[in-house]
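Some notes on the structure that comes next.
First chain written, first letter: the chains are A, B, C and D, and each begins at residue 1.
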């Protein structure tokens, strides 16, 4: 069972992380250590070549990893990204981007996981993101 | 000497990469393989803890690396990021973010470089980004 | 079906990549895009704290990713790593390390995949590696 | 001034990290946050194409980053790599590899830096490595 609800993820994203919140990310499912979300297509997410811009995919991956961490530890807002690596595998066509996030480790101080991004019309991933989050000590949450 | 001007970098960013362009990045200098830029502070770039959000810093790093590639090869819009790694070193206080980008390699097919981000009020870097760009063959530019 | 056999993987590793070959990696299975291997424990792979040293795990991950590429394209010796990211998740106890490699992309020029490492006595991964390989053009293989 | 001597770095590497120690790394200089070292050429470090194998360069980068951390905090053996990213920029010719390591951050819990590798006969870097080390709390050193 997840330590946070879809409603809380949605609210935290919109209210607390406006730069990503304004992208319009929709969380679709959450369970312990797993989150799926959708980035609805918008023209202003394109870059030359008619493909979705990398920073939009990195923003999506970062927030989905944040959500996967919160799905384990609950609404600890001060968890912060310490590193993120994105590999862009195929140019997504204009269309929604689907993100599947999965925690691979959640220790006392560090969490690590991967987020795989798909273009809604294709089977093969368009981007693969791995990321580390730093978790604040219990008395500072 | 740079293969692209500050004016062209500015125009390409605003017109062709609107997701990053709307962040308001200002290019401050360009020479062959080196670019500096500034991300003016805005409240909507904050995240919980009162610090600038990671995706904004990654968007800044990505566009500055793009600019550093164009400073060498000229306005080749179809150069695309193949990978980006961001390490967040210190939480920037609210304030402008300064980016210094430097090409470490620019081959026929791949370019690689680093972008170091500073908070305007501090000496130590807040984020270090490395990134690889894929360069299209000459006949497809 | 794999484009290379376990016997060929073993021979290429021992004869052509002696630095990794001398580690004693044993391939256990190969199919199209998937490779599993085992690094038998040896005292000289330890580091302070009694744990397997990071470079041994990176060497294992690198060769397993190479094997996963060859499982798709056949024995193309000149495929080379262009980047590798390793995240060390838990300190492995002294014991064999098991590697599971999986291709996520294999294009004309670049292949990308992930290798997850386990300590033989534990369920949770000890290391997660992602890596990009550059594939030579057909006429240069 | 460095918090560790060249002699101590050499001894720790040979005695405590034999997998890397047997590569024959020679430390050339150490100051606070900066370390240079040399990997003398040996035939068994080659891979197909006559170039130095990636895992040897990653082993060199990892130990030089470890040395850079110890140059700041002293001989704390239990500092461990939490992540390492290597980008291979040019294929080094057979010959010594020179490493220049530099700390970019050294906090209470995490250190981060970069190591640039050169082939002794060439000006341009052959490999660029960034790495994060986890530092044990003072009472566990």
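Everything below uses one rule, namely that contacts are C-beta pairs under 8 Å (C-beta built on N, C-alpha and C of every residue); 3 or more make two chains touch, one makes a residue touch a chain.
Worth saying up front: this structure is predicted, and the values here are computed from it rather than measured.
Asks: Out of curiosity, which chains are bumping into both chain B and chain C?
Replies: Both-contact set = A, D.
Asks: Find the chain most remote from chain A, comparing centres computed as mean CA coordinates.
Replies: Chain D.
Asks: At the chain C/chain D interface, shared numbers over all numbers used: above half (same) or below half (different)?
Replies: Mostly the same residues form this interface, as more than half of the numbers used are common to both chains.
Asks: Distance from the CA centroid of chain A to that of chain D, rounded to the nearest Å?
Replies: About 33 Å, centre to centre.
Asks: Measure off the straight-line distance from the CA centroid of chain A to the CA centroid of chain B, and report it in whole Å.
Replies: 21
Asks: Between chain A and chain C, what is the separation of their C-alpha centroids in Å?
Replies: Each chain's C-alpha centroid was found; their separation is 28 Å.
Asks: Please set out, as single numbers or ranges, the residues of chain D touching at least two other chains.
Replies: Each of 82-83, 85, 87, 132 in chain D touches at least two other chains.
Asks: For a test of understanding, state which residues of chain B touch chain D in their complex under the given definition.
Replies: My answer: residues 85, 87, 89-90, 104-105, 112, 114, 124-125, 128, 130, 132.
Asks: So in the complex, the part of chain A that touches chain B is made up of which residues?
Replies: 16-20, 22, 43-49, 51, 53-56, 58-59, 62-63, 77-78, 80-88, 91
Asks: Please name which positions on chain B make contact with chain C in the complex.
Replies: 82-83, 85, 109-110, 132, 134
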